[in-house]
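First the structure, then my questions, so here it is.
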Amino acid sequence: MDIRLLKQLCEVHAPSGNEGAIKEFVLAYVMAHSRKWNTSPEIFHGEQWQDCVCLKFGNPRTAVFAHMDSVGFTVRYFNQLLPIGSPEAPAGTLLTGADSLGSVSCELDYDNDHHAIFRFGRGIEPGTDLTYRVNFRNTTRYVESASLDNRVGVYVALKLAETLDNGVICFTCGEEHGGGSVPFLIRHIYETWGVRQALVADVTWVTDGVMAGKGAVISLRDRNVPRRKYLDRIKMLAREAGVDHQHEVEGTGSSDGRELHASPYPIDWCFVGVPQEHPHTPAEKVHKHDIKCMIDLYAYLMRNL
Amino acid sequence: MDIRLLKQLCEVHAPSGNEGAIKEFVLAYVMAHSRKWNTSPEIFHGEQWQDCVCLKFGNPRTAVFAHMDSVGFTVRYFNQLLPIGSPEAPAGTLLTGADSLGSVSCELDYDNDHHAIFRFGRGIEPGTDLTYRVNFRNTTRYVESASLDNRVGVYVALKLAETLDNGVICFTCGEEHGGGSVPFLIRHIYETWGVRQALVADVTWVTDGVMAGKGAVISLRDRNVPRRKYLDRIKMLAREAGVDHQHEVEGTGSSDGRELHASPYPIDWCFVGVPQEHPHTPAEKVHKHDIKCMIDLYAYLMRNL
Amino acid sequence: MDIRLLKQLCEVHAPSGNEGAIKEFVLAYVMAHSRKWNTSPEIFHGEQWQDCVCLKFGNPRTAVFAHMDSVGFTVRYFNQLLPIGSPEAPAGTLLTGADSLGSVSCELDYDNDHHAIFRFGRGIEPGTDLTYRVNFRNTTRYVESASLDNRVGVYVALKLAETLDNGVICFTCGEEHGGGSVPFLIRHIYETWGVRQALVADVTWVTDGVMAGKGAVISLRDRNVPRRKYLDRIKMLAREAGVDHQHEVEGTGSSDGRELHASPYPIDWCFVGVPQEHPHTPAEKVHKHDIKCMIDLYAYLMRNL
């Protein structure tokens, strides 16, 4: 596993709304490596794509969506913090960012009403966004870091790109907080390339039905219920692929799939990802076997869907 | 009234997300009967339409939307059940479905935390969807069955089709649980045929203002507020039509109208349906006079809107 | 300041869903005055635009959205009232509207369950919509009235129109209650004119960070988080402009920006408005200096974005 790449991805500051830096990182990586890939993709980016990056390989039938943004906080007034997405962190967590006075490294705390605040030697400009300070740990079986949600998905998509012959890979923005980029991406993908099949590459939760180390996760539903016919094809292909995988069934939670579901295009979608412990905390934890399985399963699905 | 057709429609297993069987039923019915209709429609279906069916008659000005899916449950892990839509059923209700081991007929129960579970002689595969076992009763004045919401709307649309000269009829999916098909249907209808007027054929609730047996229901608002000018035209036409009808005014609830309202097309919409007792239970109950009025009112509105 | 125009705007009855009258007012004003403006706009309206009005000046790069609707109530059954949007008014508030029996001027009250009801000498037809009776007051520094949200935004847009050379101004519907018009407006604006930049002209709240009299408000986030790169350009231009302004940072609330954010087009948006006291009450209060700053800031932003 290319742990160095995953660590670099995790260390980029990019809460929802401020994905400029991760977009530049991903774009530079693609520019540097895509000539060695099986198929050289067309690369789409620029103001028409906001901070997203879109790669088109061959004659695509299926598009992969991997969101690049993370949870975080926005400085309100005084020492108040507002959540970006749903961060889950104890008092004392270190937060980093920058305002016009320079870089910021402050401490998360909570007031008596359990509202998030920061502790720092100076004020911070309202509107400044902060993310967890990254402490990346690589053990025999696990990786542990802030922002594994969804830098693991970005990592898997970049590894998939090495062998992909036909397909689209989209690196998306804003997933943790209200979305906003998937609707215009799928419009382009559907209207220009006629693609109607989608896979959402993201991380989910370890639960009573989904375990770390047991393989990739195919989600049969979350808050949204995807179309059964498409799920059945994916389940069948996953069995054929011979890759370790698990079926998830949940009533809550959502992903880029939510906006594919609601789009004005007849898109079938399915979430295929890895389980994670301690979601949205500074120490998200993912089993490395599951990441490997996710890459293998995506390679098989993209060839056979 | 063609009670046999309505009964057959109610008996098809098709919770949101798994509308394949009801789509096949409706399509086969249309294929078998449409040659005897006043106007033979163009029939649209297939993967571009997911599990929807769309009928185009003559030069359409108005589109009718009737959702085919019902509420139900998804098997989670162990004996746990997750709702599809908002089912309302007592412990002991019989549920049916099928997994890879064969057909399933189990009993609904609730655990100490009021979470839905099932009781059955064996485990059921996670992801399996279940609907109420159908007990259809036809009395002098009423029909009573599971899934009258919205097989009554489908029935009315099929009866309307017999005399319709100009218009679109859409049989839609997913309405009970997050929608997803109306956005791409209205895109086609608006962009290809220029249709901007919509009627939503669905069932609503008996309340302190809407009574069983008093005729079709024109909803002046629910969670969404339709455009007043369009409502006023429909109210005027309904008076002209001389068909029994009632005005509904609610602050909650929604329908396929929600997605028409939010779509990127300038669509006017109005809910016109029938009132129902015991919504989302295994014994939904609708007055037959109201169904007849709904058919008559649709016929008049489609000619004159 | 043209207090007479603002007063006339506030006095028009136009809750969400029933914007016919304010649309006619705005359209008549534009027809009467636009020949004296720097640039004569193309004027778009009619059934394709529902009750919206859209003005196109020169070669637009940026579109302004000002919603015309207000909060209000719908008569349910008996003497019950349902909210349109989130009205905030004490018992005794006077409400006005009309049904088929004539004009209505009734009193708001609350029953023992805190549900809104009306008191009037006769029944009112279900479905009738009511708004606050307008008591417009103009003092040295403030204007105070019902419906300043968002007739101030409409006023600012009409004043901006006098000097605008390039840009789009949209007068929108339904913002207070579920939206519905911004999606089709932005579709036209993006697809026909290629515009990707938007400004939302609306009123916000006086809070611990935003004060009356301190200038126009640039909102860096509300429930939705706009794209940082666009906000940074607007912040920079606002400093250059030398117009009094304030930065807002909130975790709740939304505007027409919500639907721009979710649209299938890559639109950047930012809320630029004025702070207001007593929002959604019959006595909303806005500082006149802030209105002047808002006009000046819009003129500068539209020239330089």
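To keep things simple, chains are lettered A, B and C as they appear, and every chain counts its residues starting from 1.
Basically, a contact is a pair of C-beta atoms (placed from the backbone, for glycine too) under 8 Å apart; a residue touches a chain by one contact, two chains touch by 3 or more.
Quantities reported herein were computed from a predicted structural model and do not represent experimental measurements.
The touch graph of the protein chains shown is complete. Relative orientation of subunit A with respect to subunit C corresponds to a rotation of 120°, obtained by superposing CA atoms and rounded to a multiple of 5.
Rounded to whole angstrom, the centroid-to-centroid distance between subunit A and subunit B, based on C-alpha atoms, equals 36 Å.
In subunit B, 263-264 are the positions where the chain touches two or more neighbouring chains simultaneously.
Listed in rising order, the residues of subunit B touching subunit C in the complex are 196, 207-209, 220-221, 223-229, 231, 247, 249-251, 261-266, 268. Of all residues in subunit B, those touching subunit A in their complex are 16-18, 20, 47-51, 74-78, 82-84, 126-127, 129, 173-174, 177-181, 183-184, 186-187, 259, 263-264.
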